[in-house]
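One chain, chain A, links the two complexes that follow: it is found with chain B in the first and with chain C in the second.
Right, the complex of A and B next:
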């Protein structure tokens, strides 16, 4: 009865809403009504890293303490504000918090694996880095069901955070981020969507301090009837900020990849340097790629560039490769890999870059037999 | 090695080749000359198997012959006509029988021993030369049932070919033809030809866009790589300049989709002197 009541109360946005025009959330109530199997996975996609750091395993949104190593990460109520976001507000407010004191810089990344066994699960998170603290967080979504996340990020002056996420397997993954980047601080968010799950990535990144840096981008790989959907706003509130949004979408079969990315420059945010590069590659004529770069500028001394292109594989290059003995399938894989590399090669940390590259490679291998 | 009989081909429905016949034997270099629009590049693309180039009649038979053993042993040698190159094959997948070239996909033609040199080599952003060539070489070896070449052997071979053609390892690591000058692209074509070691090379305007020094390097490459009793070359060119450096055994004039005249190297000089209109008339 309770589950049914919750189901009726979903009140999910429809495609009439501009920010959700390319989304299809119709499967979510159905997924949410399923009962999670609750079985624990055997092997987990932990990254091979030079140093061991904290590891958190969440199964259907609940921490599996026996297979986690908290190392100072707090589990419990989380200060995260959804501010009316239609998916973010479904997150009840419990989850994990990473708080690092001034100048703190652990040597190893925080690794988090979210394993879903069906049904819906919601989890909040907060990363709060004090002055000059540094951290890397790598999240991997596997399994099935609907994993819904709300992540609040607060970076104080000079703090640096790298947040890398990959979604694999089946179901639906929705991630809503609310970030504030302080003076001279740096936030890099890298995404790889390379499973069979549909995804919705929502981000509002505020460059709230002078000279702040933010980078948000990734590779969206889709096939079948899969949908990846990104809605991202980078808001320059103070002068001297820099932002980069590099997205590479690949859609095969009847899949859809959509990226709406906006740069907002507030009055007074002079010397803003913003760049957007949204590129799409259609591997099939029945696939769809939507790219919507937007600039909203209320300051006069800014440098903002945006580019959006959607294309197919270069037939000339495919013939050139074939003339050297490379089959069409292998040629397509080489060109697609090169296209996606723009986004993945930006990941600064080698362990993470290598793992994400291998993950994308696996997807491409399957794409082209 | 190559037997083209009464070949007809269209591009976008328009007839370009109109009954072209040509026979090329192993050990021979043939030059195809002719005015713009005669069908020279179309001939190259039809042989290479490019989509959009539709064969409407005739046949192209290819006899690659037996390949010599491991290409690794065939490191470049400045000793032209090296007799050791004739050593018989051990366990090659290449056939001793005539192949219907037109029945093969472009990549299968390459694996059978055909190399197409491009007038405008294609730029491939994001794919390095080394990666491209190693993928190509190993795809061909797989297609012929041979073992793949190790990274070490490949790099040794690539370095040797690059050195012979003035292409540094630095260039080999760059993206395929991206940011290369016209001359560098053509030299890169020769590096590829040297590594792939084909039986028949169809070289389309390999001399275009080259200054005199680069022309010499490229010509030396063609002679070194392809002047052999078991190999053959079809040189498609506008000008006689290249033919002073790569001396053909036969020269053919292609006009309006057919070979209208054939002769020895002297024909190229005659063409240069008197023009196509005169000679082809």
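Right, the complex of A and C next:
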């Protein structure tokens, strides 16, 4: 199922395009022209979970059936489309589909490992939950090359989905999400971008039913010349919806973290409650943080607020810790950890939260030696 | 007149203003013979304007260069605005009153123009000074009637202080060295489509130079007004504050009612050298179009200040209630160490008005600071956007910024949007941004009405409270006018 997109005539956006003003996609054609090595890894970053659920291993976008356990997940054509999106549209319609019937709630999360060995690979996915169904999906990106994904999410009335993703690979990971959240349904998307890959996350989450809930956020950790780039829209289409966007960016060395997050409130979507919190932490002189917390509101009875801050670690807090005998390096590590924890601690599932916390910890350990 | 009388008088005025009909009060047209440039825009138009103003060759060359650059530029499309196509060939680029007086005082003005000013409500303070009231606060007015400055008062007193306060065409002739040095140095010709157009065809405007160490003895003020049908107004303002000087500049605008949409593309450039401070206040109340969105001014303004010197300060305050379309981002380039930029804004849109306004704070100098307070009020079927940028460059140590953007929605047919950009390349920066969106709560209304106010007054009161932080930045005369305007502009929007 390895897909090789036609690389000519891609027409990749440039920083002149508003939604891509902080992006740098110039490396993509180069990565795509590499030949994948195709070798299978021995150890894979499966999560330790109390219950074992489905496991999917994709190497360069192709399912390795021998090391996967499908448990009802369908592999084949996927109903997902992002015609207007410059990266999403490169994804042909094949991939995996998770469909749960009314009231189904498997105890174990679906685990997916995407392993890249070079070159470009594209994969589509769809999660469709019927009324009151519940699922958790955990995706991990490792290896190298360019992994390009398109994910379509449809949650019916009362359904709940937790989608957690972490990138620990090299190369480039681009994720394009299209989600529709029905009446009283809940979608939580948590991201952890560590590793050395550049990442681009594009999300459009529509709160299409009354009283829907959506949460999208995460921690972006960047060093070297790495770039993490988020472009997210949460659209309240019906009354009574609630959304939360909590992003924590840490940029070291010459790295750049950018978050453009928008809350849209459509006419008539009264009683909307939307909140954004975008915070950036600069650990080095040459690092860059960009933030664009945007509100677009067409209803009057709403509660929408956002806060954004950018800066370095609080000198007063560092001084306080130093006066308590904590070394500077330790103090910095503690404060940075607390900063990142704001985003990670929101992950509700304990197994996942622990694994993501440990992953972030590993990155931070390197930052502060 | 005692203080109590004064306050009573002000209250009465405010009450009268509120009582007036919701139709655009200042929609009148004065009939004065006008000299027009031929309709349309070409190199000949540019030459015509330049010749009319007896400009030196370098000025004409500068205009022509801008015109040629403009031909290759495109209109801006990124703002959240629905801008109808503008036919730039279907407008007059120059109109001036036939009588071109060199006046010593307003008394000598063409009575027709004089009456126009009266209808405009040139401030009481100004009238007091004219009547010889002692101790009255002084405001110097450079009134722009369509395109040519017809009266400049207080010139003598300013001269004594060494302050140059001239129309820009006079300044081109009398102080070419200063104009050449600073014109286009903050807003380059090719900066954007409308600034470029302005550079080619600017008709008149104001030039201010405050010499080193001088605190300008009075507030300087210009009243802009668009009068003749179909003449775009292209004002050019240039204010230079030399080392250690201070100036406060007021700009107020009204325009008569017209059916065709009128284009206004002004450029304002401010330069503050070491320790200098410029305070620039605007009340903009151009015709917004009728309730159905017919007519109204298109206001595309490029305003930018350069804090070139150490410890220099530029403060923009604006109250925007008029215009069908507002596209305006008064900005500060904070080059000097410890320089300060401020932006205080109230933008009110009603009916079918559209406003996309905000600021840019570019931090280049060490320890530079900026404050942004933006209050957007949307009513009717209008759209109101705050668009701002805070950028901290890599070498700018110790930068601080605080931004607050609040939106108030009146009714469920309007839109309020916030588009802030934050770009930080220096870790010592401390950047904070907050935004909220709210409506007038029933509790607030109930409270105000239980105290005997009617619904409309209650709303005006609450809106004024919402905008308070900005209004209190305005000089006294303007603050009163601005409060009235907020009330008037909201008339008919409260159910």
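We adopt the following convention: the second predicted complex is superposed on the first by the 363 of 369 C-alpha atoms of A that agree within 3 Å, B and C clash if a C-alpha of one lies under 4 Å from a C-alpha of the other, contacts with A are read in each partner's own complex, and residues count from 1 in each chain.
In this text, a residue touches a chain if its C-beta (ideal position, glycine included) is under 8 Å from a C-beta of that chain, and two chains touch if they have at least 3 such contacts.
Keep in mind it's a predicted model, so treat the numbers as computed, not measured.
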*asked:* Looking at A:280, would you say it contacts chain B, chain C, both, or neither? Reply first, second, both or neither.
replied: second
*In the overlay, answer first, second, both or neither for which of chain B and chain C A:30 touches.*
neither
*asked:* Output check: A:308 vs chain B and chain C. Expected answer is one of first, second, both, neither. What do you get?
replied: second
*Between chain B (first) and chain C (second), which does A:317 come into contact with in this model arrangement: first, second, both, or neither?*
first
*When the two structures are laid over each other on chain A, which of chain B and chain C touches more residues of chain A?*
C
*For A:326, decide between first (touching chain B), second (touching chain C), both and neither.*
first
*asked:* Which partner chains sit in contact with A:224 here, chain B, chain C, both or neither? Use first/second/both/neither.
replied: neither
*Examine A:289 and indicate which partner it touches, taking first as chain B and second as chain C; both and neither are also allowed.*
second
*Would you sort A:339 into first (chain B), second (chain C), both or neither based on which partner it touches?*
first
*chain C contact footprint on chain A (complex, rising order)*: 18, 267-268, 270, 280, 282-312
*asked:* With touch defined as at the start, can you tell me which chain B residues reach chain A in the complex?
replied: 48-51, 105-107, 109-111, 115-116, 118, 121-127, 131-133, 135-137, 139-140, 143, 192, 196
*Within their complex, state which residues of chain A touch chain B.*
314-317, 319-328, 330, 334-335, 337-339, 341-342
*Using the touch rule from the top, collect the residues of chain C that touch chain A in their complex.*
78, 80, 394, 407, 409-439
